[in-house]
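Two complexes follow with chain A in common, the first pairing it with chain B and the second with chain C.
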Partner chain A sequence: MLKSLQIEPEKCTGCLQCEVACSYQATSLFNPSISRIKIFTFHEEGRFVPYTCTQCNEAWCLHACPVEAIVVNEATGAKEVIDDICVGCKVCTIACPFGTVNYSQNTGTVYKCDLCGGDPECAKACPTQAITYVDSDHGGLERMRAHAEQNLPQDAQ
Partner chain B sequence: MAWTKNVLRVNLTNGSITHEPLNMQWANDYLGQRGLATKYLSEEIDPKCDALSPENKLIMTTGPLTGTPASTAGRYSVVTKSPLTGAIACSNSGGYFGNEMKNAGWDMVILEGKSAAPVYLYIENDKAELIPADDLWGKSAWAADEMIHTKHQDPLVRIAVVGRAAEKGCLYSAVVNDLHRAAGRSGVGTVMASKNLKAVVLRGTKGVGGISDPARFLKVTEAGKKVLADNEVTGQGLPALGTQVLMNIINEVGALPTHNHRDVQFDGAGKISGEAMLEIRPGDGKANLTTNGACFSCTIACQRISTVDKTHFTVKDKPEYQGNSGGLEFENAWSLGTDCGVDDLDAVTFSNFLCNEDAVDPISLGATIAAAMELFEEGAITVEDTGGMELKFGSAEALVWATEVTVRGEGFGKDLGLGSKRLCEKYGRPELSMTVKNQEFPAYDPRGMQGMGLAYATSNRGACHLRGYTAASEIMGIPEKTDPLVTDGKPGLVKAFQDATAVVDSAGLCVFTTFAWTLEDIAPQIDAACEGDWSAERCLEVGERIWNMEREFNLAAGLTGKDDTLPKRLLKDAAKTGPAKGRTNDLHQMLPEYYALRGWTPDGIPTDATRSRLGL
Partner chain C sequence: MKHVIVGAGPAGVIAAETLRNIDRRSEVVLIGDEPEPPYSRMALPYYLIEKIDESGTYLRKEATHYSHKNIDIIRDRVRELDPQAKTLRLENDAPINYDKLLIATGSHPVSPPIAGMDLPGIHPCWTLEDGRNIVQRAKPGAHVVLMGAGFIGCIILEALALRKVNLTVIEMEDRMVPRMMDQTAGTMIKDWCLHKGVAVHTSTRVEAIEQGAGETLKVKLSNGNELDADLLISATGVATNIDFLAGSGLATDAGVLVNDRLQSNDPDIYAAGDVCQGKDFSTGDYTVQAIQPTAADHGRIAAMNMAGKETVHQGCVNMNVLDTMGLISSSYGLWMGSDGGESAMLCDSNRFRYLNLQFEDDVLVGAQALGMTQHVGVLRGLIQTRLKLGKWKDHLLQDPTRIMEAYLANTQAIGHNAGVI
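Entry: the complex of A and B
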């Protein structure tokens, strides 16, 4: 069973625990600036929105790479960058429609979410369950449950 | 270890920018942030200097835990000598700025001298430069923030900035970061503007590391987060209602200062309470509160994000104020609302927006407006002084007008910008000023909460709830319940809260964690991050050392034990209603015991034995 990161922006408080956890997993430093997941603040709307790679099935980044440095992890479905092969040409960063593959000046290669090998730190670090790691086939389950609950008779709630 | 061990020193007079190592001996004795920066300031300036002269310095400082995943570990402080009080000033803020400073590699940025022309400081990791800010001068904090983001074409820079009030000399101007967070009290923004420094702009990408056993650190910080999540206040009350959970509670116990402390209960409290912020309003079908938010690393998330009703008189012709913005905390709702007798939630929320927009301390502003309203009712201030405005208690129009002219430094707003003490003196009624050491009170009346009276009287930065929050014990029973109307035991309680809070403020953590955390929860997190043995006992000793150092700064600045007092109204005029009816604050019953517990002389001076014990 493949799992996916499920993001529910209405639960996000903007604390950046996910960014800290992501960067620590990747670099052993608490460094939100290189986090693979980013929180965007929309002041006027009063909204915080987490955003990261959704691990497209037909991944533009993977197809665009001229040196086959991006490969599929069959266990997790994640598209992973092989640092030793990546030449830093940045074609994948152009190909990705969502901007979730980025180039690092420090390493000379690109980086993206790899689902931490199947145990994503961002989901574990989120204090409000705005980021969860759920069955890919049933990402809508909790939302369906919430709507279903609204149909319960009043005295059952 | 969790300090970066690097200090950035910027001399605004000659433009020199230098790097120096952090004094680790002082870090061992004073931990970081509030304690450590106050040590630097004490060593580097004459406490008698004019706070708005180039001789004063302003230090922006993080704690050893700032920038780590310990809950709430995103704090920074602004430390300087206060132009409002003449005492030590240390104002603490959240948001993301503190984390960014740590990621840029700095424990501390020391700003000294005065620039000949307006500038802002841009820091990108090791690189720092002063950039002309003539175009930013005269702009609000929000406008300047936007201009800087546009100029650098960088949405990721974090900015701390002063507004028009600070430029015009309002003595309680704040430093606002991330638009809605503020190092709020004691006029730290006024000092920044006096140096012709408009903003500090940060971009930090180095990461925070150096913790010797990260696995242990993550384990103890995880345990700390669980304590916060499981606690009723930090896990449920604060996320749902914010600090505004207190408005109705403090009103019921008869300790909610109203009408410039003439009364201790407010009929309109329910209308501007946390609960009221959830009610759907008829004008636009929305609630005042949109959602809650968090500062960096915070798992409590007490921030309020609010709108004003689009049909309300304050914003109906001003679309720029109709979106979401920083909502009401209890202190602000109290000062701008209760103390001024205003129960119009939209007007109070709008006034709070304006305080953020131009970086003004809403506690001091609201309390000063309340004093002006009483002066107006007494005939000491007239419509000739205000230019026609009827400055009456309960008037939402008067509140909004007074806020606007003060944050922009216009007309009568310049008088209001003096603060309550100087305003009341100017208009011949100094006894109407509700201040300690020239700083305005926050939202707890010392007649209905005896311990808070002693905490205010002895606070090193003037009247303040965040130097020793005995309300936690007297009202909420944290860590254990004490009777708010009793003075017995309060001197020890005040001292314990003051010392513990000094540690929290020096670690990089938020004091709101202490609704759930004791030093037994906090010390292991410091210990796991910092080298050396940081037991709860050592933390308390560091807290006591910091408190005494601040005291010595104030004594050297010319303050004395005579300044450890409360306005006559609170000592002589009994509360008129509620559980505290008939009571005054019995400060005289507590102060001598407090001095003795502190190891101070009857005049409030640390004895040689105390100084020696603490290594001062």
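Entry: the complex of A and C
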């Protein structure tokens, strides 16, 4: 069974340990600004939202790539960037409607979450289980249903 | 069932693969008129700077990819289409018949009506063969004139600068990338290039080109100046490859006219990619977009319909991303704004930062960004999902950089969403 990152923003304290762990795993640097997972801060609501690639089935990034530099890791389901093949054209960065593929001017290539090959550091670093690595269909249907119902017009409910 | 695809660019290749995946027993034939394996024109600038070799431009890296998928590749040029006989006449090989046909022939560079355009040392930058010719002449210190600073001109501009040539850019409109960025952003890109030591002349035309001393060219400009050049690169626009359809009865305008199934006026003939006048998501009009993501979408959707799996094309968001000597720009949808819409703008000319958002009510319909590389895709996402931003539109009018927060606040478990997820 494929696993995926489950993110529960209500549990996030904004400690940024995920960003530190991610950047170190991916680049050997402690540099949250190049982390593949990002924590967005909502001061007014007093909330933090961890956010990264969901490894979506549509894989807009992969289909938009003109040189086959983004491939599916069959073991993890992650869409991975092959640095040696990426030419840095950035088409994937505008094609991904979730905004989770970014370009690095330092490397001249794009980068995104690759689930650390199946052992994501962000989930291990998170002290409050706001980020967990779980079976892909765990709770997903209920969450989607709840969200869909919320968006129905009032008289349709 | 025999599927024939004319054109071996991204749209054609993706269509061939999609057909093979969903219709395993059918015959899939891909016709391309260039000698190389199917490759990406998008990758040519990176070939020019030797970041990749020729094989780095190939759309698929495995040499056996097509044979493994049982996709027949024919290297030939289609001369004529006969829809009554369902036959294509080729330049060299015997005629080929089809059950379903996909036209994915792309476009070609247009040569402007200027005296001397046929002299040696003048090249478009369109094919791998053009790339090889440019590499020959664009040696460090060589004098190179780039005619046209549209998207293609600008993407080559970076490669030429990195090859350390002495570069002059001539653009007849009043700014760079005029069909991608507005006056403010297009002017900032020009200023950036000037800062980097590239001579850029906007509102200027090349009037004539003459043979100079030795192998050099004399380039006469509308401002009265004359430039000596070892190489002139022509990037003054492209036109669709539809000439071979003349007399076939297939309806064309700027490109092949299709419906929302990417089907032409002949029900067995479809079109995809740069040659296809397909639906624009933002306007609902049918236009030639000529961009990579649209080619990929067209290829997949046309193939689904060819294989009998009816798939409606919702329209593609027109979008572009460009790197001009390290200054990264992108634009999306109705970046120029719409009637009665509202906009938010942030501009810091000294730091080359610009962000412009266009709204209709509380929905994002277009955007331009300069100097931004993080999370830019969400601009496309917000436009294409027509997400109602609610109060976050007001936040964005105050501070347009908060696009990710605006997206998350309306889709994640915070604020009014927190209770239900």
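FYI, the second predicted complex is superposed on the first by the 138 of 157 C-alpha atoms of A that agree within 3 Å, B and C clash if a C-alpha of one lies under 4 Å from a C-alpha of the other, contacts with A are read in each partner's own complex, and residues count from 1 in each chain.
Here is the rule we go by: a contact is a pair of C-beta atoms (placed from the backbone, for glycine too) under 8 Å apart; a residue touches a chain by one contact, two chains touch by 3 or more.
Being a predicted model, the structure only gives us computed values, none of them experimental.
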Original post:
Does the superposition put A:45 against chain B (first), chain C (second), both, or neither?
Top reply: both
**OP:** Classify the contacts of A:9 with the two partner chains as first (chain B alone), second (chain C alone), both, or neither.
**Re:** second
Subject >> First (chain B), second (chain C), both or neither touched by A:95 >> reply: second
**OP:** Determine, under the contact definition given at the top, whether A:32 touches first (chain B), second (chain C), both, or neither.
**Re:** first
Original post:
Is the number of chain A residues in contact higher for chain B or for chain C?
Top reply: C
Original post:
Which chain A residues lie in the overlap of the chain B contact set and the chain C contact set?
Top reply: 10, 45, 47
Subject >> Of all residues in chain A, those that touch chain C in their complex >> reply: 8-10, 38, 40, 42, 45, 47, 49, 51, 60, 63-64, 66-68, 85, 87-105, 108, 143, 146-147, 149-150
**OP:** Quick one: which bits of chain C touch chain A in the complex? Just the residue numbers, please.
**Re:** 10, 14, 40, 42-43, 46, 51-52, 56-61, 292-293, 296-297, 300, 319-321, 323, 326, 328, 330, 332, 373-381, 384-385, 404-405, 407-409, 412-415, 417-418, 420-421
Original post:
Quick one: in the complex, what on chain A touches chain B?
Top reply: 10, 13-17, 20-21, 23-24, 27-34, 43-48, 125, 127-128
**OP:** Please name which positions on chain B make contact with chain A in the complex.
**Re:** 67-69, 96, 99, 103, 156, 179, 204-209, 214, 225, 229, 239, 290-299, 301, 303, 305-307, 323-325
